[in-house]
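Take a look at the following structure, please.
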Amino acid sequence: MLLESLRKEVLHANQEIARRGLAPHTFGNASGIDRNGRKPLVVIKPSGVDYASMTPADLVVADLEGKIVEGSLRPSSDLDTHTLLYREFPEIGGIVHTHSEFATSWAQAARPIPCLGTTHADYFHGPVPVTEPLTAEEVAEAYVRNTGAVIVKRFRREGLDPIGVPGVLVAGHAPFAWGRTPAEAVEHADVLEYIARLAWRSMLLDASESGIPAYVSEHHYQRKHGPRATYGQLKAANQKA
Amino acid sequence: MLLESLRKEVLHANQEIARRGLAPHTFGNASGIDRNGRKPLVVIKPSGVDYASMTPADLVVADLEGKIVEGSLRPSSDLDTHTLLYREFPEIGGIVHTHSEFATSWAQAARPIPCLGTTHADYFHGPVPVTEPLTAEEVAEAYVRNTGAVIVKRFRREGLDPIGVPGVLVAGHAPFAWGRTPAEAVEHADVLEYIARLAWRSMLLDASESGIPAYVSEHHYQRKHGPRATYGQLKAANQKA
Amino acid sequence: MLLESLRKEVLHANQEIARRGLAPHTFGNASGIDRNGRKPLVVIKPSGVDYASMTPADLVVADLEGKIVEGSLRPSSDLDTHTLLYREFPEIGGIVHTHSEFATSWAQAARPIPCLGTTHADYFHGPVPVTEPLTAEEVAEAYVRNTGAVIVKRFRREGLDPIGVPGVLVAGHAPFAWGRTPAEAVEHADVLEYIARLAWRSMLLDASESGIPAYVSEHHYQRKHGPRATYGQLKAANQKA
Amino acid sequence: MLLESLRKEVLHANQEIARRGLAPHTFGNASGIDRNGRKPLVVIKPSGVDYASMTPADLVVADLEGKIVEGSLRPSSDLDTHTLLYREFPEIGGIVHTHSEFATSWAQAARPIPCLGTTHADYFHGPVPVTEPLTAEEVAEAYVRNTGAVIVKRFRREGLDPIGVPGVLVAGHAPFAWGRTPAEAVEHADVLEYIARLAWRSMLLDASESGIPAYVSEHHYQRKHGPRATYGQLKAANQKA
């Protein structure tokens, strides 16, 4: 069986989606990528298998064009979004898609989540962006792949760094989050839901959409990502307590 | 004992109402119908029996005119709404009534739930409709039956398909959901609550009531219900992940 | 030990406050009254004893003037509100005070909860009333007793029946609920919280404060309280399913 | 090992943060101080150790200048806020920092929490204050320490008593709470979250920001803190039931 260790990481990330309540029913999926082999391989959740009974062997292995390399089950129907993001964002190693309640509510309102506090600034360098809606042509041509394409378009247009901004809201749909590993991706999906909750409640108290001063959010960002940060310090800063 | 297998399905659907937190106290009920016998028979929750101790034998069997065919306990006081819906919507095989928190809040505001995202579009073809309030005459004549009648009137007036739109809000009251089976009905009741939560939060972020473009919701609807969908693909699309 | 059976009922009602999450910390208390003896006796929660370890013997027995008749622990500091309500509302047999989240939020906004749906109408005949704030004189003279007095004043002024309207919001404070027994009182405290949640969410969807038509709420009220209702039918109607 | 008993108290307070859901991930920390030795010593949570596996020996002991006196792990990154508060508020013996959902939402909106009811008045003498945002200079110079400094500035400017007002919102960040002991600090952090929830919901019902009359809040405050209150009575009043 290919990629045993990555399969376990991806299985664990999928189980975390359920355990943390990020997706009711089976509205969610996680994947990971191994970029070290002859060609990069993606491990992704199979479609419609219950989290409780899922084993590493149930996961599906595909290449970056979405061709199944190993696995008898059908992959998640969102596979083409995942592969496009892996192709375009070479820094990332895991992706998590949820329909978590507050992040999805912002996505449905097609509004970016402003950076209103340090909980946000510790994880996202600036607002959580929201995509343009897909056009009728994009839907007709390749709905799932173009969901990835509108994400990348937003990042390119605003010059965003997928490591500094580890997630996005797809307008009228729901969030995607990612990270260097599947575990980091699911952590970011969970934090994204939490900052969506905080920001939603703050906006109803008439918080200013301009958010905290840039020198505060930059301070937090540099603690994690600046030239003086090492990965170990990053991890510790990340934990924040 | 008649309809042993259907009794189990209906019992399970009733227990799911409680397990998913869709109805506090005993504000909820589920039923199923067997249309294969000499005359159609409905199995429904008895009134005021605790979910934890309920057995298949406690359920009540009635015909489509509400006459008790088997069972020593009184049926749910909402029986006449269920039988009317089964008479008018021959496609459906199970009905679930809840007072779930967010769907009921929309019902109390007498507002349809706009289709603001794909979570909604995967399950409901268009907004979740809301009935007219019952008139004083309708209340006086037959309150429970006419609760069914105002539901059907809304569907006829808007040309809605009960399979495409598997639920409704009764103004000033609460939601009803249904499906091909009791299990599908309770799943739709649960999804209805979830999309009611999402939409409620999105509306407070000033989401546009016009919702997502029709070409997106149609794309999702056709994946599940269009001519190219088979039941198996439907099921998989339904699971969405 | 006096009133063993009532002690058990009151203990159970106090435990239900905690189990249903109606009062964080020890912000809550339940009592019951025995009106059958030579003089009426109230059984009430002692102050500051943990719910988990409380036994029937820990409860305090007082007369209607608040004099301790049996018990070594101090009674709830709200005793004088309870005794005043028992004196003024002879129909009631149990009282529950909570700081439950949504009912308290309405109380803090000093707004009555409008009757927006049948969940409400099944339990409350009309809006849940809110008291006037206590005056400085009322606070200085006897804060706890006068909390009861402003409740009674509201009921007298509006001609409300404590059986038809089994609870109230004390402005700037929190709800009190009651019933024929301690068990009914805690059920009403729980339903009050639920209808407070529903109404709060409906109001944010711009529900009309005028609520459902009177002929609907009257229909529900008469099902439970009208001349054709017996206690058994009342109970069944109450269960609603 | 120094301060065994205080270590246990601080460990327990840290575990309570998690148990009560006051801080997702590891966004929270608790400390306590021993002011009885030759020099005051602070016991604080180590950075990034999981609550479930933390033992008293993992805690870090530091002096009031933040110098580590005992412990092999790095202390919480918020240590300098804690030590500054202990230096400036000699009455307090424990500090708890959380990112609890509603209190943080008020902090992000940079609004004080008005005293809208007696739940609030029992614990906070007046509104929960909010700091000024840190200036760019304060962030650059010493972000963590100056987080403490803006708290103290707010208390000095408004003449607030840290025992009467046992917590604060740091604008754009989150709450800090404290008390005479670590246990009292975590209780205040929990109550602060609850009154933040109540006030948030009340404000959305258009509660008046002026809150309850001063004679009511004073009555509650004097029950706990006035000349006629002893510590024992304080405790009982505190429990309120």
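Labels A, B, C and D are assigned to the chains in the order they are written; within every chain, residues are numbered from 1.
In this section, contacts are C-beta pairs under 8 Å (C-beta built on N, C-alpha and C of every residue); 3 or more make two chains touch, one makes a residue touch a chain.
Worth saying up front: this structure is predicted, and the values here are computed from it rather than measured.
Student: Starting at subunit B, find the fewest moves between touching chains needed to arrive at subunit C.
Tutor: 1
Student: What chain is the most remote from subunit C, judged by the mean position of CA atoms in each chain?
Tutor: When every chain centre is compared against subunit C, the largest gap points to A.
Student: Using Cα averages as centroids, what's the distance between subunit A and subunit C in whole Å?
Tutor: Between these chains, centre-to-centre, one finds 48 Å.
Student: Hey, how far is the Cα centre of subunit C from the one of subunit D, in Å?
Tutor: 34
Student: By residue number and range, which residues of subunit C touch two or more other chains?
Tutor: Residues 204.
Student: Name the graph shape formed by the protein chains and their touching pairs; answer line, ring, star, complete or other.
Tutor: It is a ring, because the chains touch in a row that closes back on itself.
Student: Can you work out from the touch definition every pair of chains that touches here?
Tutor: Here the touching chain pairs work out to A-B, A-D, B-C, C-D.
Student: Applying the document's contact rule, which stretches of subunit B touch subunit C when the two form their complex?
Tutor: By the definition above, subunit B touches subunit C via 23-29, 45, 47-48, 74, 76-78, 97, 99, 101-102, 104-111, 133-134, 136, 139-140, 143, 172-174, 200, 203-204.
Student: Using the touch definition up top, name the residues of subunit A that touch subunit D in the complex.
Tutor: Within the complex, subunit A touches subunit D at residues 116-119, 187, 190-191, 194, 197-199, 201-202, 204-207, 211-213, 215-216, 219, 235-237, 239-241.
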